[in-house]
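Read through the structure below, which is laid out as structure tokens, and then see the notes.
Each chain gets a letter, A, B, C and D, in the order it is written, and its residues are counted from 1.
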Amino acid sequence: MAKVGQFFSGHGGWIVQANHYSDPVSGRFFMRHCIRADSLPFDADGLKAAFAPIADEFEMDWQLSDSGSPKKVILMASKQSHCLVDLLHRWHSGELECDIPCVISNHDDLRSLVEWHGIPYFHVPVDKDNKAEHFRRVTAIVEEHKADTIVLARYMQILPPEICEQYVGQVINIHHSFLPSFVGAKPYHQAAERGVKLIGATCHYVTQELDAGPIIDQDVIRISHNDTVEDMVRLGKDVEKSVLARGVRSHLEDRVLLHGNKTIVF
Amino acid sequence: MAKVGQFFSGHGGWIVQANHYSDPVSGRFFMRHCIRADSLPFDADGLKAAFAPIADEFEMDWQLSDSGSPKKVILMASKQSHCLVDLLHRWHSGELECDIPCVISNHDDLRSLVEWHGIPYFHVPVDKDNKAEHFRRVTAIVEEHKADTIVLARYMQILPPEICEQYVGQVINIHHSFLPSFVGAKPYHQAAERGVKLIGATCHYVTQELDAGPIIDQDVIRISHNDTVEDMVRLGKDVEKSVLARGVRSHLEDRVLLHGNKTIVF
Amino acid sequence: MAKVGQFFSGHGGWIVQANHYSDPVSGRFFMRHCIRADSLPFDADGLKAAFAPIADEFEMDWQLSDSGSPKKVILMASKQSHCLVDLLHRWHSGELECDIPCVISNHDDLRSLVEWHGIPYFHVPVDKDNKAEHFRRVTAIVEEHKADTIVLARYMQILPPEICEQYVGQVINIHHSFLPSFVGAKPYHQAAERGVKLIGATCHYVTQELDAGPIIDQDVIRISHNDTVEDMVRLGKDVEKSVLARGVRSHLEDRVLLHGNKTIVF
Amino acid sequence: MAKVGQFFSGHGGWIVQANHYSDPVSGRFFMRHCIRADSLPFDADGLKAAFAPIADEFEMDWQLSDSGSPKKVILMASKQSHCLVDLLHRWHSGELECDIPCVISNHDDLRSLVEWHGIPYFHVPVDKDNKAEHFRRVTAIVEEHKADTIVLARYMQILPPEICEQYVGQVINIHHSFLPSFVGAKPYHQAAERGVKLIGATCHYVTQELDAGPIIDQDVIRISHNDTVEDMVRLGKDVEKSVLARGVRSHLEDRVLLHGNKTIVF
């Protein structure tokens, strides 16, 4: 920590924010520094070169992000619009700093909405028999647009293992339950069945094991015996979209560090 | 509903509160009326007799509680004091209307605290080999004191099936997780392992299946990667005690109606 | 209560929901019944005629709403889009049952967004010198569209007394503070100045006294010293839009009853 | 920041936690380092001497706290016990690390409770005519016990200006409203009058201006039209005691830095 602080202050760097965390179990140390680019005598490549010896000395896993080159985020949706509308509005009003090269959906319902925002819309249908073909086309679109993040905004399809493996820590999903409760399909029905008094949503990175990836953010809302499954669906939408938006924002600002199957969120 | 309203208004009854719920799935109808005793021309037995024909006509499952005869509640604890102190303080300051004939614990640690409140303390030790004997003594104490409610205030022992069966809807437990996540032992360790961002507590009626009984109330508190298991234990205590107190209060006011494995909480 | 229950059950009415509240201070009694129209042998006018004698007998202030004739709601906005987008999306996805005959704004910025939803957009500019003229035109539009509700979705102009008086209990505003803290302009600046640890939003009916009308709903979000006024503005948007949406929903379902300067929200 | 990090790492110091905040308005920089004492080659005085030159160089306002010498905290209460019981229980169970040399109250009601914890109890009566004398005695007790923190656990008396001035940043109060709403007496009555939908509590440092000192923590709880002032008092107690406990804990861990009339809470 001292060496890193010294490196930046030695070069006149203005540290806007610095976060640290030392995991007491694994002994690993995590940190994130946010430095004003114009306070340093380097460009991004110059900084990388200058910092590399320190990183090597301490055997750091590290990366440098330039907030001037926003991430490329592809949104995937199905028929439900609440999470997609929410993310698009935040992007449109300047709240989420990223590029959205396109939206991919297995239905055509949300095309007009997306195109109103000036964003291309790819309709890639899927059914039981063409899943492999569907995901080949999806992967092709993602690669073509050089996306570094995929957000499953209620996409409702399970990604094949090869995509999970290829995009570790880059695919964000919103699950409509307070995980690890109610993994899998129809979590609100499961919640109604169990008679819980709070329902929730979980934003997590996608891994090969269904709904078991590292959790970025979660939240809940109170319900009562009076609320039917339909009420839960409606009330849950508000939690889903706010949790997903918070998780995506943290990811875009490089505040989320993976630590095994957990996250450090600075 | 109309007949019940008519019955009470016909006798000059002053309805302080009336709650109804019609379950859309089962079609069952639930209601609770709270009537000022001094507005009726009956005592409790007279009221029962007068109301019985209406109850029969509609095949009601019904009961009458006289708030002038508070419930007899036995608290059971182990070594941890937070839930017990909280309930005793609420009772002592007049917030929880009930009698507490005694406290039962498998340890002697909390005797002085309980006795300061003027409540008898029974130390009934338990170990692997004397569980049957332990629960025979517990049952004897409960029966001797004619308790109608047992509150497991972090009692940490699994009740045998015969007690669960004998006291259906009368034994309240606080589980230190947001059920159905993290059933069983050491839920905060399970939560730390999974990397959740909220921890919770669940107040429920005890049934034979572990941590699977009807949920009365739940709540959560936000944590971060920074919080160790020890922090979770500390933060969780606050949720546990407030959820348990709310659940017990609802039970004491006869606001909780059982509906299969769920609750209606009016 | 008994008479009303009897009236509906006597006519075979299926009571979907019934709420009561007796104010202990004023002694006034409030109730709301939600009855399936197809269970009654009346149309709306017939029901009114049949019920009038009971209402007269008990000197009720009462009204009948037909959920088959949704309310006509005019939204007013300025330049900020978050509340407007949120309400339009809820309406568009069928979550808010109402007609939106038009949107009125003192700026032209949100026209395209509104028109995408197929809703007419009236741009009625305002400046210091033409306020009276502005509000004459606004009133004309409201009257022309026979609106029964006006929602100020961050409209940012103070309505003149005559409009407040004409539309008592029909104009809903969202104020971006936890009222009664921080009345008036720039509440987030006031909050930053005072160093509060929670910021909030308040949905209320508009009265002649600024930000002092009956409160329908409120909520808060946690902030820290780390959050600048800009952060508060961003975080506050989420609270504003969810509180406004909840308040509007309650109003549309006739769940909000005025009681002096307070509300009963069933 | 770099210099401080370098100082500690140069001496082998193990930084358990480090927090920074740069205020964008005033330009002031705040930091808190928590270092394992046994990792340094100094005792507390040695550390002060070694660090002083760096502090001087950067014109720091600074202080060193030794967690091995817990703060001396005097609790003041009146008749209501909920906050006092809560703090005493947290202290008794080892959750709050401090010494409590005594409790001072203007009533004798809570003596037995306090003395059960093994803590001396001073009953210092107060009425309209002996306020000066009362506070002379209170001050004498505080000085005699060398207290460095005074916690007003629902003490209900306004401290005279000279005590406020003498103990800046050392007297913590819990106010039973979400300040700045409902300053002064009977805030729950004020809240009922205004018809708010959330009630709260505020933990703050006491200054000469009533209920206007720097806020340490706040929280709220949802209420409805159904809740009377008595209900608010009961529900509010839970918020008051948890907010006070969190505030006191932050203070005891030296996490609260004063910044004009605001606080930085690390």
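We adopt the following convention: contacts are C-beta pairs under 8 Å (C-beta built on N, C-alpha and C of every residue); 3 or more make two chains touch, one makes a residue touch a chain.
Only a predicted model underlies this, so the values are computations on that prediction, with no experimental measurement involved.
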Statement: Two candidates, C-D and A-C; the one with more touching C-beta pairs is C-D
Query: Rounded to the nearest 5 degrees, what is the angle of the rotation relating the C-alpha atoms of chain A to those of chain B?
result: 180
Message: What's the distance between the Cα centroids of chain C and chain D, rounded to whole Å?
response: 41
- line: chain A to chain C, mean C-alpha position gap in Å, rounds to 35
Task: Provide the list of chain C residues touching at least two other chains, using ranges where the numbers run on.
output: none
Field: Residue ranges of chain B touching chain D (in the complex, touch as defined)
entry: 81-82, 85, 89, 93, 95, 112-113, 116, 234, 237-238, 242
Statement: Listed in rising order, chain D residues that touch chain C in their complex are 21, 24, 178-182, 194-198, 200, 214-220, 224-226, 228, 259, 261-265
Interfacial residue positions of chain D with respect to chain A in the complex: 1-3, 5-6, 8-10, 15-16, 18, 20, 22
